[in-house]
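Next come two complexes, and both contain subunit A; in the first it sits with subunit B, in the second with subunit C.
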Partner chain A sequence: MGLYLLPAALFLAVLALYPFIELIHMSVSQVSSDNIFGDWPFIGTAGVQAVAVTADFREAAVNSLIYVGLVVGVGLGGGLAAALVLWRGGPLSGFTLALMVFSWALPGLINGVDWRFLLDPRGMVDTILSVARVAPVYWLVEGRLPLVSVALVNAWTVVPFATLVFRAALLDMPGEVLAAADVDGARPRQTLRYIVLPLLRPTILVLTILSLLYAFKSFDFIYIMTFGGPGTASTTLPFLSYRLAFEIYKFSDGAAVAVITLGLTILMALVYLRSVHREERA
Partner chain B sequence: MNELDQGSSLLDRGLSRRQLLKGAAAGAGSLALAGSLAEFLAACGGNTTTTTTSKLDANTAGNLEVWHYSSQQDVKTIQDYSALFSQKYPKVNVKLTYVEFSEMPKRAIAAAGAKQGPDVFIYGGNEVNAMYKAGVFKSADSYWQSFADKGQFPDGVITRFNNKVYGIKGYVNLTGLWYNQDILDAVGVAVPKTIDDLNNAFAKIKAAGKVPIALTGQPTDQGDWTAFPWLSGYGFSYKNPESSAIEQAFALVSDWSKKGYLPKESVQWGQAETFNRWAVGDVAFMENGNWNIGPASRNVGSKFKYGTTPLPAASGKQGIFLGGEALWIGGFSKVPDIAWAYMQETLLSKEGLLITLKESGGIPARHDMSGLPDVTNNPLLAAYTSEVKDHGAEYPPEGGAAIAAQAVIAQNWSAVIAGQKSPSQAAKDASDGVKANYKA
Partner chain C sequence: MTRSLVARTGTGLLILLYGLPFVWLVATSLKSDTEIFSATGLIFEPTIAAYQTVVNSDLLHACVNSAIIAAGTTLLTLVLATPAAYALARVKGLLVNVGLGSLILLQITPQPATLIPLYRVLGGWNLLGTQLGVVLADTALLLPFCVLIVRPFFLSVPQEVEEAGVVDGASRWRVFWQIVLPITLNGIATGATIIFFIAWGEFLYAITFLSDPAQYPISVLIAGQIGMYGIRWSNMMAIAVVASLPILAIYAFTHRLLRDGLALGSVR
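Right after this comes the complex of A and B.
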């Protein structure tokens, strides 16, 4: 049995464990382009502490919270709504699901470029709004809108996945329970609130954790659509880590931000594992 | 090595950056002081006067990999360089590898970690210092010292590390002000010479329902490149990042943005998008480079009349970065002799520079091409050659050691245009950020 696990263990060790150890090593060392291939002087947690108190980090942390909240909230809310609409099946339902899977399967790079054009003041979204005499909205320019816009686009790609999972859970729901509610005269809203949502609880929990992890490490949409800007208005922690490490070659600072981000991600993964464990025991 | 040490090491190179700057300006400026056609033709007796590595000849065989970032639009130039090289070395197989501009330094450094990489880099970004330190480049000093034509190149186009030659730019690129003559004629304004002229023209153009100007507001090195002429005009430099100087430039561009002279979405535009927006035909001006001469000819054509003029300056202190693609020998090249031969036959040769000039408008740095009619008689280039002479500034600034400070400037430039920060706040943040990230 143990032997069969060896390839997977080796795979993980090479592609996950080794980079992880190197990341930790870099975050507690002084590394720049000067010594990236040389010796890394040990500085302990001083680097992580120094990065964590900067204004850039604080701004990126707040941006990350807003971003994650929107991606998870809108992604799961939209996914649940779509799954309820598509629950009963039919040709239109199948076609819609196929379209959703297509948009989900598109690389973030393609989706990001498409949405960047769509959200341009001369793009399709503002052109349609102008028909209703709405002034151009600077989706990727003004105030908090760039961060919100990118998060909503990212949430848009979460919706199909959430829809598929929710729909699978709905199709698996015991028909007799729903029939009993129907016989008892429950209205659709009551059925949803008192029957469907409680039965979906394990699915919601798993999807929430997975979406949190996905949103927290999201990078591609920000890179393509705003490059963290204007200024630093849409810079999240993963993007800050990228900028520090690969734009200005402060590798140890970038690693420090990544380690903090990773710590938060691991914390969420532990919650996920614990919830899965509980469900399995139940 | 910390940033203070980086600054010291620059001074330790024994070559003052100011001298380099003057060298660049003086050398490339000679282009503007054109020579005669006869001089050009006499000097253009072919590449035979240019020495190549003696060990190589037409029977030299091998493989040569070249990394470049020329997109589909201008990859023909790179292909033409290789064709030029292949005429002399037909048995050398040249492999051109496209690497996206911003990815080039990362991929090069990663490759260097594995002791790999191409034989030649064509790269003119601001990350050369980091790439050098990571061992991406091999010194070309020994080849350069025996290069018969080395006297043809101004010092400012040569990049040295530890007093050794590494990269050489065969041509220079810089930004100027492009204008749509049709719009100016319709509105009744002359080509602006000063910032006041520019502001007055903008007001009239806006009132006529046209877009006054397009420029790059990205929070990237392209944004920094675009911002520097305005900032330096008010006295900013990376060594002297006074908040008051930065604030004046930021107030100017913030005013343009607030009044609708500059589209706010320019914070998303790189230089290519800026050109594309201007080429639509409803934008009066754009700040952009001489490399657009070819694309303008192809994409604008006769759609509207256009021209170029030097960027208006707030003062004589204005600096305009002298860009252009340099050639570098890969740090792990197994065929450095062939790599040097490629450099010699392409961007260091008259024939190669002629390709660049005709296809993309790059201004040849060679002294013996200063009288070339394509340079002296091209009205679009005249603005740029005068800028080189009067305002040419070293790029990357401070030998690439100010890269983190450049990022700070670009972010605040972008924030001001978008209205995310007031000019005073952005100036303070930029000044503090530059001081923290660059100590000369």
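Right after this comes the complex of A and C.
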């Protein structure tokens, strides 16, 4: 079986694992545009420690938490609601599902461009609001709105995926249990609360982890819709890492932020798994 | 409210929420600049002026570039990922855990963090400024994901099917090639579709590693113009519509596959 693994392992060793090790190497070195092609002096964790106390880092960390929270919360909540609406079939549900999954399948680039215009003061959202005589909202400009807007657009593309997974889990559910609840006269809300949700628990767990890991590294939507701005208002950790390296050429600072981001991502996933585990034993 | 009323209202809302943005995208691409500024919504006089401006030989050339990069990435990723996913579904023990763990670690690394090291690797091989270089980078980005998508399909093949083949004297390779692969074709097609879509929209590697505009894929045309001052939205939306068409065409054939395959891939 080793032979089946070898090509992929060799390829990844050179083009993924080596870059990954170089990233860590860069984060413990002093690298700027002067010596990017020369020697990298070793500075240990000093760089990581220095970058972690900057105001930019703290802002980006807070932004990342808000971003991840919105993508996971809205993505899963919306997906569950959509799956409950669609899973029993009906004339339009197949079409609706296909329409939703199409927006998941489109690259973030195209969804990002589309929504950048839809959220423009001349775009769809403000035009609809103007019918209700609401003054134009500058979604991608004002205060925390840009961060929230981009996160919600990203969540909009996560919802269809979550819907598919929840739908599959609902279809797998033992029909007799639901039928029994019906016979016992349970209201739909009670069936949902006491039967459906507990059965969906493993699915919710897996989806939470997947969307958490995905949201933490999300980059495309921010690049296309706000480029981290205005100023740093929508700069999350992966985007801060990009800006440090490619706007001001502090390569090692960028690498340090990337490494901290990875550490935080893994930590969040482990803390979540642990809390779930503890709850299960309690 | 009865259940069916809730379901109908919800379905209607979902259609609006997911249909209207695309309708608006197409509508904007059919507007004149004055009509965009006057915020006329969906009632306007359509014009194909934007398409006449943007659809030229350069754009078609960019589409060909996108097709080369996306198809090359899909092919290379599948060739590498399929046997690896099969092995990781059949072997047990430490190796599998280490393998899957590394794949997940690579999968959660933010893409921009790999730019500088990859730049050095590709530079060392004289592959900067070539589409092959972008294909290699895209494959490195998507290979872990592809293995993780395809592996559950191999897990769902019953061992007895393979044992029957082995008893009949077929080699391991023949069992894989002639028995297992045909059963798991759906899974491989699911992986191929997703990889093609992502590679089609990938812009960060392409914008960084390519330097000759004649080699740019359509994603770079979009990403390169989006931040520019005084952007012409009708033109931008027309390019976005053109870039979406190949995806729509493939999706028309594969959406059932994606609907069933994605759920399998993530739950196991």
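Criterion: the second predicted complex is superposed on the first by the 259 of 282 C-alpha atoms of A that agree within 3 Å, B and C clash if a C-alpha of one lies under 4 Å from a C-alpha of the other, contacts with A are read in each partner's own complex, and residues count from 1 in each chain.
Here is the rule we use: a residue touches a chain if its C-beta (ideal position, glycine included) is under 8 Å from a C-beta of that chain, and two chains touch if they have at least 3 such contacts.
If you're wondering where the values come from, they're calculated on a predicted model, not measured in any experiment.
On the shared subunit subunit A, the superposed partners subunit B and subunit C overlap sterically. Once chain A of one complex is fitted onto chain A of the other, the partner contacts of A:L65 are absent, as it touches neither subunit B nor subunit C. With both structures placed on the common chain, the touch criterion links A:S33 to subunit B but leaves subunit C unconnected.
Contacts of A:R116 after superposition: both subunit B and subunit C are touched. The partner that reaches more residues of subunit A, of the two candidates subunit B and subunit C, is C. Within the superposed three-chain model, A:F227 lies in touch with subunit B and with subunit C [touch as defined at top]. Judged by the touch definition given at the top, the superposed model places A:K217 against subunit C, while subunit B stays out of reach. Contacts of A:L262 after superposition on the shared chain: subunit C is touched, whereas subunit B is not. Once the two complexes are overlaid on the shared chain, A:L97 sits against subunit C while remaining clear of subunit B. Common to the subunit B-facing and subunit C-facing surfaces of subunit A are residues 36, 116, 120, 227, 246. Within the complex formed with subunit A, the subunit B residues making contact are 1, 6, 106, 109, 112-113, 127, 129-131, 133-135, 217-220, 263-265, 267-268, 403-404, 407, 411-412, 414-415, 417-421, 426, 437.
Contact residues on subunit A toward subunit C in their complex (touch as defined above): 1-5, 7-9, 11-12, 14-20, 22-23, 26, 36, 81-82, 84-86, 88, 90, 92-93, 95-103, 105-110, 113-118, 120, 122-124, 126-127, 130, 156, 160-161, 164-165, 167-169, 188, 202-203, 206-207, 210, 213, 216-217, 219-220, 223-224, 227, 237-239, 241-242, 245-246, 251, 254-255, 258, 261-262, 265-266.
Listed in rising order, the residues of subunit C touching subunit A in the complex are 3, 6-8, 10-11, 14-15, 17-22, 24-25, 28, 36-37, 39, 41, 79-81, 83-84, 86-88, 90-91, 99, 102, 104-118, 120-121, 136-137, 139-141, 143-144, 147, 176, 193-194, 197-198, 200-204, 219, 222-223, 226-227, 233, 236-237, 240, 243-244, 247-248, 251, 255, 258-260, 262-264, 266-267. Those residues of subunit A that touch subunit B in the complex are listed here as 32-37, 116, 120-121, 138, 140-143, 226-233, 243, 246-250.
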